[in-house]
Amino acid sequence: MIEYVENKENIARRIARIFKTGDVVNLGIGLPTLVGNFVPEDVTVILQSENGLIGLGPAPAPGKEDKDLTNAGAMPVSILPGGAYFDSATSFGIIRGGHVDYTVLGVLEVDQEGNLANYKIPGKMVPGMGGAMDLTTGSRVVIAATTHLEKSGASKLKRRCSLPLTAVREVDIVVTDVGYFEILGGKYYLREYFEPYTPDWIKEHTDAEIVVGEDCKPCFC
Amino acid sequence: MIEYVENKENIARRIARIFKTGDVVNLGIGLPTLVGNFVPEDVTVILQSENGLIGLGPAPAPGKEDKDLTNAGAMPVSILPGGAYFDSATSFGIIRGGHVDYTVLGVLEVDQEGNLANYKIPGKMVPGMGGAMDLTTGSRVVIAATTHLEKSGASKLKRRCSLPLTAVREVDIVVTDVGYFEILGGKYYLREYFEPYTPDWIKEHTDAEIVVGEDCKPCFC
Amino acid sequence: MITKPIISAAEAAAMVKTGQVVQVGGFLGCGSPDSVLGALVTAGINNLVLVCNDTSVLDEKKQRSNGVADLIKAAAFSKVIVSHIGTNPETQRQMNAGELEVVLVPQGTLAERIRAAGCGLGGILTPTGVGTEVEQGKQKLLVADRVWLLEEALPGDVGLIKARKADKAGNLVYSKTARNFNPLMAMACKLVIAEVEELVEIGEIDPDHVHTPSIFVDYLVMSREGSKS
Amino acid sequence: MITKPIISAAEAAAMVKTGQVVQVGGFLGCGSPDSVLGALVTAGINNLVLVCNDTSVLDEKKQRSNGVADLIKAAAFSKVIVSHIGTNPETQRQMNAGELEVVLVPQGTLAERIRAAGCGLGGILTPTGVGTEVEQGKQKLLVADRVWLLEEALPGDVGLIKARKADKAGNLVYSKTARNFNPLMAMACKLVIAEVEELVEIGEIDPDHVHTPSIFVDYLVMSREGSKS
């Protein structure tokens, strides 16, 4: 019997391998931010931050923080040579205008139609959508990053989201700590799985319909 | 008998006295450009040029022209200390957004309803509206600057424009070389006249309805 | 060039009147006019409508707050129009208690609505929010074979913004990601008060480096030493 | 940071294909990419759709021309979408002869339509043109007690723009009033070729002074010595 153990690092590692040199990428707050740590050395991606920055660099050394230079999560960051600053209208012009290749977002629920819910649990918790609705609408490829199961054991990959939607049929790829999924024609296609999980285990522990792709293979991150 | 003699300088002089310190003013190509030469020394207006400049200064000395610094008529200009450059979207944001106090435009026809025609004589001459439609729509006060009569002797101040309109009910003030008019409630109110012309002469030589204001007086420029 | 009056944060706060729509720059406190906001807390203003990216950061345990967070805590607002309230639990508490109306707007839509107001546009057509709760009560239009939401311009009575540097005419230069909504709000508000860290002579800012031209700015306030932002 | 290919004006011209919508920066020739435009004349391209502020200046007597004027003379366009044609009599001649379709757009509307395309908006509501011939065939909407024209986004296939300076990543800085439509078109076109006068190393441009971020630029062309603009 396989026991599920949360593994956010595997999610971040696998997503980081999706990008190729030159891609413009926006990483959401939380788990998606981790992705930046695992981009292969021979790949140069350009990180966009919706608060007004392209060419996002690593966190500064302690004591080197600049109060005027943060990411969209208000954490101190740096800018790489060749980066640029802009106002919020231009920032979302970049995003909505299709100039961002990949956006990686966290999840409350994501369903097999490509719907995503991540900004509101009515009556309980309402953080707000921030830039997530524009990011999912505007980016070329939308990647949802999530642990596969809730703490309760419930599946995060739904047949149909029940919470208010952030994005309608916009999600292309979902990476969890058990596998890599593409959403196509209203179904999840399992492309890769993280051992020790198996395709059968994944189908059993997922609420949504899973199709195991013919070329489905284990993932080595 | 009074003979009509074109006098563009009088028009420019009178308009220049309308402004007070701090006003943001856009001067159109041609006759309106002359206005800049006659702003009283104790009044500081801020000139906006729709091609992307605020703080327009005088023409540079011969040999000091900068190919990258022109006005909306492609003439070399300068910028005053404290001026700023911006792109065309911001420039018309300034204009349409109500941040320009006065716009001064040339005229083919202007009527007593405040309509202005100055961009097109169908089948004959079609220069295009350039920025004039935005300027008349957005500016707080629209001033039309025109000689009073055509070369043919026809009046430029119409009851109703016959040419395609640049502006619908947007003109507030018309200054010609015979007088200073305000448009109110579908009529021209003559506020000042240039001697030797008299209110009677003006009424006689104008197509539009002229009301001679009670406080109508000669203008000394 | 005309010079702009330099006033104190308290004088700036006194220009804000109850019931007004106040647009405040900053993104989770980065680039917000903290000296003026502090003076508004002191003035005890209330019943304002806030337009801001977020309600900033309030962490009671760490006794940390910035941006508009202390004004939220002081119950200065009857309504907030923002994209995010997740970092200020007090916003959520007031909302749940029925003390505060919260209107959530997608961040890119918020930016365009403010810009539209400043640019004399009635609104814009955005794809963002179609099919979500955001579309409720809004007109949908089919243009170029796609469905768009009509989002209306969002003007303000007072804009409280923050810049790194001003010249005495009021030309503004922002610093890094502290720019965010500040230049948009400078265009969109009837009265604009810019808090700045440094004041230079007219002519010292290259006109190609100006982010907000002077004509948008009515008053300047110097940031007090050691203010949070 | 990624570097952008530096190509010749002729190579740039060869990327423009007949039938495409080409957006060209410049205001009566100030800030237009004259080296690339010259190469397009040499290449003998035709049947393009031009989006530009104007058709620039053509003065046959003084043998003076700039910007897109020589391309107009070379009959490169089947249609032009511009705000002004008054300084190029050849545009008017071709229009009257039925050889060229001329669509006149108010300058501020043209700027916003291009920007909307670049920003992923379907269009904007403007008061400009209501009650004039400009409103013909367009939707009118009543919003906030005022009538507005719905003006749709105007994207381009190729953007030919001009900047003062680029770094090797493609970040652009414009000079004075040569900025005009260039940064808007950089956002609105699928393929963007920027002609520049000076090329500097990555890191030499202050990120707060960048007018067009590098991600909008695909290719760089060096202005030839003595080019008109």
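Order of writing sets the labels: A, B, C and D. Residues in every chain begin at 1.
Everything that follows uses one rule, which is that a residue touches a chain if its C-beta (ideal position, glycine included) is under 8 Å from a C-beta of that chain, and two chains touch if they have at least 3 such contacts.
No experiment lies behind these values; they were computed from the predicted model shown.
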item: Higher-contact pair (C-beta pairs counted), B-C versus A-C; value: A-C
item: Identity of the chain that, by mean CA position, is farthest from chain D; value: A
item: Centroid spacing, where centroids are CA-atom means, of chain B and chain C in whole angstrom; value: 36
item: Whole-Å gap between the CA centroids of chain B and chain D; value: 29
item: Length of the line joining the C-alpha centres of chain A and chain B, rounded to whole Å; value: 56
item: Multi-chain contact residues (two or more partners), chain A; value: 79, 85-86, 89, 92, 95-96, 137-138
item: Residues within chain C bordering two or more other chains; value: 112, 115, 119-121, 126-127, 174-176, 179, 207-208
item: Interchain pairs in contact, sorted by label; value: A-C, A-D, B-C, B-D, C-D
item: Of all residues in chain B, those that touch chain D in their complex; value: 49-53, 66-74, 79, 85-89, 91-92, 95-96, 119-120, 123, 125-134, 137-138, 164-169
item: Residues on chain D engaged by chain A in the complex (per definition of touch); value: 1-2, 115, 117-121, 167, 169, 171, 187, 202-203, 207-208, 210, 213-216
item: In the complex, chain A residues that touch chain D; value: 21-22, 24, 44, 46, 48, 54-55, 79-86, 89, 92-99, 137-138
item: Residues of chain D touching chain C in the complex; value: 112, 116, 119-127, 139, 141, 143-144, 146, 148, 150, 152-153, 173-176, 179, 207-209
item: Chain A-facing residues of chain C, complex; value: 27-31, 53-54, 57, 82-87, 92, 95-96, 102, 104, 106-112, 114-115, 126-134, 164, 174-184, 211, 229
